[in-house]
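Supplied in structure tokens, the structure appears directly below.
Lettered A, B, C and D in written order, each chain numbered from 1.
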Amino acid sequence: MLKNEKLSDEKFQAIRKEVLESWPTGAEVDIDEAVEYHKLHMADRNVPKRFLRARAEGDILIQPRAGISPINACIDLLQHLQDEGLADILPTSVDSYTRANRYKDCEEALGKSEREGRSFLNGLPVVNYGVKNLRKLVESLKNPMELRTSSVDARLSAEISLAAGYSAFIHGPICPTMHYHKNAKLGKAAEYYQHIFRLLAVYTEKGVPMTADVFGTFSNVGVPQSFIFSNVIIEALMAAAQGVKYIWPNVIMQGNLVQDVAATQVLPGLVQDYLEKFGYKDITLMTIANHWTGPYPIDPQGAYALDAINTVAAVLGNADQIMVKSLDQGLALPAKEANGAALRFTRLMIDYLKKQKVAIGGDDLEIEKAMIIKETRQLVDKMLEMGDGDPIIGAVNAYEAGVMESPFSSNVNYNRGKVMVARDSEGRCRYYDIGDLPLSKDIVKFHQEKLKDRIQKEKREEDDINLITDSILSLSRGYLV
Amino acid sequence: MLKNEKLSDEKFQAIRKEVLESWPTGAEVDIDEAVEYHKLHMADRNVPKRFLRARAEGDILIQPRAGISPINACIDLLQHLQDEGLADILPTSVDSYTRANRYKDCEEALGKSEREGRSFLNGLPVVNYGVKNLRKLVESLKNPMELRTSSVDARLSAEISLAAGYSAFIHGPICPTMHYHKNAKLGKAAEYYQHIFRLLAVYTEKGVPMTADVFGTFSNVGVPQSFIFSNVIIEALMAAAQGVKYIWPNVIMQGNLVQDVAATQVLPGLVQDYLEKFGYKDITLMTIANHWTGPYPIDPQGAYALDAINTVAAVLGNADQIMVKSLDQGLALPAKEANGAALRFTRLMIDYLKKQKVAIGGDDLEIEKAMIIKETRQLVDKMLEMGDGDPIIGAVNAYEAGVMESPFSSNVNYNRGKVMVARDSEGRCRYYDIGDLPLSKDIVKFHQEKLKDRIQKEKREEDDINLITDSILSLSRGYLV
Amino acid sequence: MTINIVTGVIGSDVHTIGSKLLSYAIRKAGFNVTDIGVSVSQEELINAAIETNSQAILISSLYGHGELDCRGFRAKCIETGLNDIKLYVGGNLVVGKIEWPEVEKKFLDMGFDRVGYPGMTPNQVIEWLEEDLK
Amino acid sequence: MTINIVTGVIGSDVHTIGSKLLSYAIRKAGFNVTDIGVSVSQEELINAAIETNSQAILISSLYGHGELDCRGFRAKCIETGLNDIKLYVGGNLVVGKIEWPEVEKKFLDMGFDRVGYPGMTPNQVIEWLEEDLK
């Protein structure tokens, strides 16, 4: 039965056996051999170590999202993003078949690609390539690597990529369940991610530090940060329970400087508090600020501008890494040049800003911080309550009961469509309808007054539906409010 | 003799006669006819009116630097910057011959251009084209226009462009004298600019508002803002004395957010104080923030990044207009696409930021503001003292005596090479050597301690000359410090 | 008389925001909307339209496989007796940077009545519906 | 023995910062620098070099007319008896976006010994001087 405690060695090995036997390349995975490989070949390309160095130097790292097939094209792409884009951490996104564990389909697509000379996969099928091939890619680059899947069951991808030299892995169970699947169940996903977190910890215990990049859930429509953070905290507690020592809590920039800085600044403290509450020690947290993950402007100048304000907020919020959005994000699959340009642009903005200590926001910032902290605690504490103290059981129960609801989730199991969000007159994200979220009356009132204020200022009708549409689309239209 | 008082009508007309007769197209100028033209055709394309509207709407306008020859190419360029770049105010920069009043050379160059099908002028020779031709250009655009020369004697360019439909004119006497000429004398330049300011005022008195865009002097090496502002104030007092009612004080962004915001915020108040002190009433001030005017990065992503941080500072500082630098500023003459992209980018950044009220800097900001105010007052008051209360006589005397010295000026008459500037550990601009500037000991100490702090932090040698070089070039290298 | 409409996201696409936003807006505008969610097949859309006696099907496709997923849809509608039904499609319909007029033409040729473009407002869709159905 | 050097900005160019910065740095490095300022002619540069018995002339050109302004400079030096003088030039030497190697070649072909590029450090120039003159 699901429980937030460290997998026993037997259980872990039993799962691994099953997972590794599910596709031939699984046989290439040998943790001890992989640990040696990491120590010999990846020592200066280890994600957690790179972050510790950056923090000592007062630097902020950048990472794109990228991944294509076949592997040689992927190497070209990542080399470009590294050398021209100046990316510090290199990603590999897997394709949709891999996400769905349809390795057979990957194989067919790879064959067809070879025959027809063009790709039929929207990412790199890391499982099909296997450890040996993937190591070629890893060795062709000089920077550390993170694997990016958004699968409910990403276990084999994790086994293979970590053995191949990757040292960070994205996601816990929540985001893939809420935003990438129609029917997935959170409880099942949580089991799968326990294995991945345990795997990261095992490597770390054997002397190869590995990072769990806990994303919580997407903000695609402009969601109050507390909602995202409550999910991040659950996943951080899950990772910590498996023994993970390097955790990346994520925050998504939403366009309002004060609110974004407030969020970025409070996130690590909030996560730390809960880790301590559960007695998890010696965990290093690094804050990952994401450029806005919702709809982007189609105009490349708009994308530059949105990347710019997101970068300012991330730097002023003391993020450790910025996840960079490509300039063609609003338009089509990122081309290498547009992705490289966005990275290089972000890198240079960081270099202009990183030595500047800028106090921002004043009392206004303090209010936003206090609200985020208070709201997050109410959400997390309710989940803990619903799990009798167990965060993951609590999260599953809360989501099943609709007490937690990810706005505009794709998953029919968890989308009651009650929670609705909108931006206030300064573009800050507020609850339009709180649905069944467990938030206290004063908080609800705070949000509603902010929205009322906008409705009045802009002389809108009380129930103007365009308020929601305008809020969701404003950044993609090239303005905030 | 030079004196800061309104030109008498006779004197004004006498000067005008001489100026207008200096080249045939001068005969096309008839102020009363031009006033009618403005009222009929330019009513919705008037610079001051456009600014008042923007301020009422909480908007910030953008303007590029641009101007090429022949006139049809210039029309194409400006239409592109207006339609694709979204420029609100359209500039026309004149060519170097026009700046030097060498209209005969312009004519030859225009002839040669026509014969050989390519341009030999680096701007539009507005005098040679004359009022009628220039009106074609003005009418081909839907936005208001400003003329940009940097001549010591720009009188005929002013007469012709304002008669043709322009409603703003850049510069007072200081910047052209210090940075565009080897031998010019400030006193003479001041006389020429009195005529231009009076001309702007006459139009305004006849019902066509016109703006004096007083630039003070350039910051190409990172000069403490107080130095620039003291020059701006002298020019504002000159303009006001001639009856100008719309004045644009300029501030140059230098890369440090807090210092730039402090400067942008205090500038209008400082100018207003001195205007009031001299009894000038009903003057509308609009703050113009310039993207960094010193060396730019060659890398276009660096230019985007520098434009970005400058734009953030300008918006948070409540500027009314941003003068936008093209993406190829560091490289070569701006191409229309690069200039348009920079504009559109800046426009979109403004639109993301303008509704956000962001307190920035805290006490740190207050200190910078206080320093700028105190320093500016000391410089201006010294000039007033040296002119027995007359700002322009005082400025001339101070510059002649070397009490004022524009760092890295091109003019042999005013460059003793004593004043030296550098950036502190946060990238703020400080005096490395105060030369003979009339600043009090506590101020000198403040600057020197800031630099000493950087020298220590970076473990440099006391007299490390690279501190100056690194300070001047840092932004162009893609970082602040 | 209320007009019935079916909305859904075709193929294995999980992008739900545009479709949900449209459903929300159209409903507010007085239409009766049945939103069958993400990752639906042509058959599911048609069945929903038959069941609800709908006059229009609004298909979203964001992930790039719209062309593949929508192929033959009009024919299948006619096959099942939905002769006069209005078919709209919208989103990021194709992979790669193809000019809009070309994209629109492609889908009009495939038998769609209206083709929605990225960044369009729900209001525009409502206008189309009112023009086409009232 | 101190080495004498002349610096100046050629043509009607008024960009003084790079040249002043160079002069400042070279002076600090122990050279004896005569900076004749902006907007100087070929003759003024040569006369200054003769007067100061200089071993190198460092010409800056930023405004784009460098090629025109520098044409025939080596010949004119030889004409006036400056046979062995080192000639450096640097700045934004040409109008338009021309690749660096091409720009460099152009000026080397014109008889310059070293061609400075935009963004280069004064230290690099000092290294050249030390290599060429010491």
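The rule is short, and it goes like this: a contact is a pair of C-beta atoms (placed from the backbone, for glycine too) under 8 Å apart; a residue touches a chain by one contact, two chains touch by 3 or more.
These figures come from a predicted structure and were not determined experimentally.
A.B. asks: Which chains, if any, touch chain A and chain B both?
C.D. replies: Chains in contact with chain A as well as chain B: not a single one.
A.B. asks: If you take the chains that touch chain B and keep only those that also touch chain D, what is left?
C.D. replies: Touches both chain B and chain D: nothing.
A.B. asks: Between chain A and chain D, what is the separation of their C-alpha centroids in Å?
C.D. replies: 54
A.B. asks: Measuring centre to centre with CA averages, how many angstrom lie between chain C and chain D?
C.D. replies: Once rounded, the distance between the two centres reads 69 Å.
A.B. asks: Distance from the CA centroid of chain A to that of chain C, rounded to the nearest Å?
C.D. replies: That gives a centre separation of 31 Å.
A.B. asks: If every chain is a node and every touching pair an edge, decide which shape results: line, ring, star, complete or other.
C.D. replies: Contact pattern: an open line, chains touching in sequence.
A.B. asks: Quick one: which chain pairs are touching?
C.D. replies: According to the stated criterion, the contacting chain pairs are A-B, A-C, B-D.
A.B. asks: Residue numbers of chain A touching chain B in their complex, please.
C.D. replies: Chain A residues touching chain B: 255-258, 297, 299, 301-302, 304-306, 308-309, 311-312, 341, 344-345, 347-349, 351-353, 355-365, 425-427, 475, 478-481.
A.B. asks: Taking the touch rule as given, give the residues of chain D at its contact with chain B in the complex, in rising order.
C.D. replies: 12, 14-17, 20-21, 24-25, 28, 37-39, 64, 92, 95-97, 118-119, 121-123
A.B. asks: Touching residues of chain B toward chain D in the complex: what are they?
C.D. replies: Contact set of chain B toward chain D: 96, 122, 179-182, 220-221, 294-295, 298, 328, 330-333, 408-410, 412, 415, 417, 465-466, 468-469, 472-473, 476-477.
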